Amino acid sequence: MPIVEAHILEGYGPDDKKRLTSALTDAIRFVVPAPDEAITVMLHEYPPENYARGGEQRTPAPALPDPAKLVRAYLDAMEARDLETARSMLAPEFSMTFPGTGPMTTLAELLDWAKDRYRSVAKTYEAVEAFHSEGAAVVYTRGTLSGEWPDGTPFSGIRFIDRFAIRDGRITQQDVWNDIAEVRAQ
Amino acid sequence: MPIVEAHILEGYGPDDKKRLTSALTDAIRFVVPAPDEAITVMLHEYPPENYARGGEQRTPAPALPDPAKLVRAYLDAMEARDLETARSMLAPEFSMTFPGTGPMTTLAELLDWAKDRYRSVAKTYEAVEAFHSEGAAVVYTRGTLSGEWPDGTPFSGIRFIDRFAIRDGRITQQDVWNDIAEVRAQ
Amino acid sequence: MPIVEAHILEGYGPDDKKRLTSALTDAIRFVVPAPDEAITVMLHEYPPENYARGGEQRTPAPALPDPAKLVRAYLDAMEARDLETARSMLAPEFSMTFPGTGPMTTLAELLDWAKDRYRSVAKTYEAVEAFHSEGAAVVYTRGTLSGEWPDGTPFSGIRFIDRFAIRDGRITQQDVWNDIAEVRAQ
Amino acid sequence: MPIVEAHILEGYGPDDKKRLTSALTDAIRFVVPAPDEAITVMLHEYPPENYARGGEQRTPAPALPDPAKLVRAYLDAMEARDLETARSMLAPEFSMTFPGTGPMTTLAELLDWAKDRYRSVAKTYEAVEAFHSEGAAVVYTRGTLSGEWPDGTPFSGIRFIDRFAIRDGRITQQDVWNDIAEVRAQ
Amino acid sequence: MPIVEAHILEGYGPDDKKRLTSALTDAIRFVVPAPDEAITVMLHEYPPENYARGGEQRTPAPALPDPAKLVRAYLDAMEARDLETARSMLAPEFSMTFPGTGPMTTLAELLDWAKDRYRSVAKTYEAVEAFHSEGAAVVYTRGTLSGEWPDGTPFSGIRFIDRFAIRDGRITQQDVWNDIAEVRAQ
Amino acid sequence: MPIVEAHILEGYGPDDKKRLTSALTDAIRFVVPAPDEAITVMLHEYPPENYARGGEQRTPAPALPDPAKLVRAYLDAMEARDLETARSMLAPEFSMTFPGTGPMTTLAELLDWAKDRYRSVAKTYEAVEAFHSEGAAVVYTRGTLSGEWPDGTPFSGIRFIDRFAIRDGRITQQDVWNDIAEVRAQ
């Protein structure tokens, strides 16, 4: 039964609003045991001249990019070894940790580390979860890895999960866990 | 600058409201590039006689439990090997997957699987993230593992991440990834 | 899906609010093809100090009486020939019209007219409808009449409908239609 | 002093909104002893992308037709003996009751019943009342009948009242009361 | 932190809305010890068909003119001795009081009074304050006077304050205080 | 017809709310040509747990004192020569200007300046106007002065106007204009 009204400045697109109403619906459901269809969200939009803070009109900043799409584009670029595109999505303070590595800050480090681990790898995605927490957008992707070991033997079905933090539309952190070592040890 | 008004029935406690206002604030920040302090959330509460759907008054259901607390209590019970308490938090359809295992449905299976892996293990938590997505509460906990290998050698600092799904106040799913195999292989 | 917020002063009782939320729900359904359960009504109540018109605080007038209950009490009093009680519910400008009569203004006239028509009569109610229209509350009651003709023969199942107008809690008008003549003519 | 805000999807026309604001005003007046001019109604309209239930955008259904106009069109068609038009306004479950008849379901039955009663009849309307109640739109029309008896003698000024129920834009029920028998018996 | 929502009919221009949001912000600050930037004002505008009082749609009256601009235009016209323009801004009941005068009702009286006081005078404005109080717009202007005494000696820096009352867009009252006599006496 | 909703934290008293609703009503009237009685103001109050900015609950600061009462108390203390009380109402940066003086910062300076001007003086107030502007509360008082000249001759009916600025509950500025010199010169 809960009803949410959000008051925003004009200027957000249909996809932005869709993400916003979904996120607000999820926020209610986080606490209130109501089925989704019992939760109504209404967006009030204001032209700048109808919205003042401190007596000053305000203009809306562009919506933040969809972090799930951003992460997917980054992962696709990495899988295609399009490093330039991938790099353009990273924040200056970017850092990543993979199984068995310390923090790495450049994609070159990552490729160097990976080359002894597998000849190629591709991801099959089972789920993507995106939300905002503690000042950053967070995206989790999980699924299974398939590819070839350095000796050319194929592998598949290896579980993985990646966690990304995104600030101001750039990826600041990537943390990766998977079962590669577990599978290799068997 | 965005402002959120949520209309709810009376009956939620201060902690419930705190979680609700935080979740609504995060929902806005997921899309709108405003700093936290520019987002205001106001809760309107209604006694049942002031809130009707379909012409019928409604009474509020109790708030859903804080899933982060539930998960922490479950993990503490597991670490203390208090299986009875842990089991009481699981849904009938509970399923869990650990590195190298298929889905397991009982804690006994888990203990059996774990006994060859380490003599003891304890978690140091670095972060807990909780949100609602696709009809379930989701909790991620991550940090490092420490303990003793089966031969008594100590270990520590091994990265882990656990994902929990919770429905109706019970854990339905636990997925675990960690670097144990990676470390053992080194 | 429509949502109604009504802002009223504090001071209305649970029954008043129930009538109000029902009436508002019906008002929406009069135009919007939504099922009842998709219509939410929320009442905001204000203590006098929180509600000002023209800069002046306002105090609420008592709710209008439920006109359906008022009419039923009047009809019960008439059936019991408790004329004093019945009369207390009539406005000074009260007027009534029955089949074949011109406007009558006193209960005495009515009784005089009725005495040749039936020895006794009682109403079985099938439906009561109450609403506000054009400055007055309107109540329709319909059902069937049973009783005894002047010669003592019993009758029953004769359709009737009464229309009442109520202003300021008093009945100002009663209009009656029924099939008595139709049945007598057969 | 009461203020009503109704939140609806975009797509309703000026006449729909007029009926809606009138109905909401009457709903308030049914309970609150405020003069009409002290009641303010404000409609908030939302484009589909600004209104979500269960996280899904909603599109508005067309407004229900004005039941008073529908009934008047039906009665005009009947008076003009335009049965095809009249029939198109009836729901499959249509049923009607006239003085001295049981329920009839076809206009043919009605005409057959009426032909011994009067050669012709026309209605002069004094009032029409329309509202929503118990899942249906209800319309009352009342006034006087004039026409010719089967022998050609004219009559006029005979009181009548018709009650109509309308669902999904079709008439489901017509109940008629009048003083014809009363007048004939005199 | 306070938030103000004002519901108005469509038809006000950007400058009107700017004055309105400023005035509402000041109204809050008059009582609530919040900094300006913590006060948000949102204007909801309604097309006439979405706004009914007493069941009747309403059309907006044009916004009142900015009284500060009106007063400034009047004072500029007076300084330029454009009496026709100045007179067009005065209400029929206009009255003015200057130091040492009783109430005067025509500009001619004023000029006659002034001619022995100074040969010319011009105003330097330090501040203008405008607000609504007790049914009228009130404007205060203050600053210093400069010009020439009747004998041609120049003067400057003489403090003045003017108070204007404006109703329905016309000046109804002007009250003037200044230090001319104080300076002359020195 | 305009309607204002102000959302504030709980904790303001009836007088604070009265001043707030009056100020909001005046703010509307400053721009919208509606009569006072057509303007409705509604205050929504929130307990701290229902109001969050930046995800944090907020507690209300005490309302600002009524500046009109503060100024009147200050003037009464001055008239009674209760300098200690008067001084307690002044901000550290207090400054005042009287006819013919430069800025003075202490009450002692004022008394010294005044002693050659009149033996005693008392104010008759005709009007007090208070509002908020540019970060300060502003109070204007005007009326007439009566008293005795240094030689004991009485005087009365001399026009004055005082302007006060108040920040954080203390008077920061007092500016005085009057016709004393004008009258003395006659």
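Brief remarks on what is shown
For reference, chains read A, B, C, D, E and F in written order, and residue numbers begin at 1 within each chain.
Everything below uses one rule, namely that contacts are C-beta pairs under 8 Å (C-beta built on N, C-alpha and C of every residue); 3 or more make two chains touch, one makes a residue touch a chain.
Worth saying up front: this structure is predicted, and the values here are computed from it rather than measured.
The chains touching subunit C as well as subunit E are A, B, D, F. The chains that touch both subunit B and subunit F are C, E. For the pair subunit D and subunit E, the fraction of shared interface numbers is less than half, so the two copies use mostly different residues to meet.
Two chain pairs are in question, D-F and A-E; the one with more C-beta pairs in contact is A-E. The interface in C-D, D-E or B-F that matches A-B, meaning over half of the contact pairs are the same by residue number, belongs to C-D.
A straight line joining the Cα centres of subunit B and subunit C is 56 Å long. Subunit A and subunit C, compared by their mean Cα positions, are separated by 62 Å. Multi-chain contact residues, meaning those touching two or more other chains, occur in subunit C at positions 1, 3, 7, 26, 36, 40, 42, 44, 51, 53. All chain pairs in contact, by the document's touch criterion: A-B, A-C, A-D, A-E, B-C, B-E, B-F, C-D, C-F, D-E, D-F, E-F. Residue ranges of subunit C in contact with subunit D, taken from their complex: 1-9, 12, 16, 19-20, 23-24, 26-34, 36, 51, 53, 58, 61-64, 67, 97, 99-100, 129-133, 135, 137-138, 140, 142, 159-161, 163, 168, 175, 177-186.
Interface of subunit D with subunit A (complex): residues 7, 44, 46, 49-55, 57. Subunit E makes touch with subunit B in their complex at residues 1, 3, 40, 42. For subunit D in complex with subunit E, the residues that touch the partner chain are 14, 17-18, 21-22, 25-26, 35-45.
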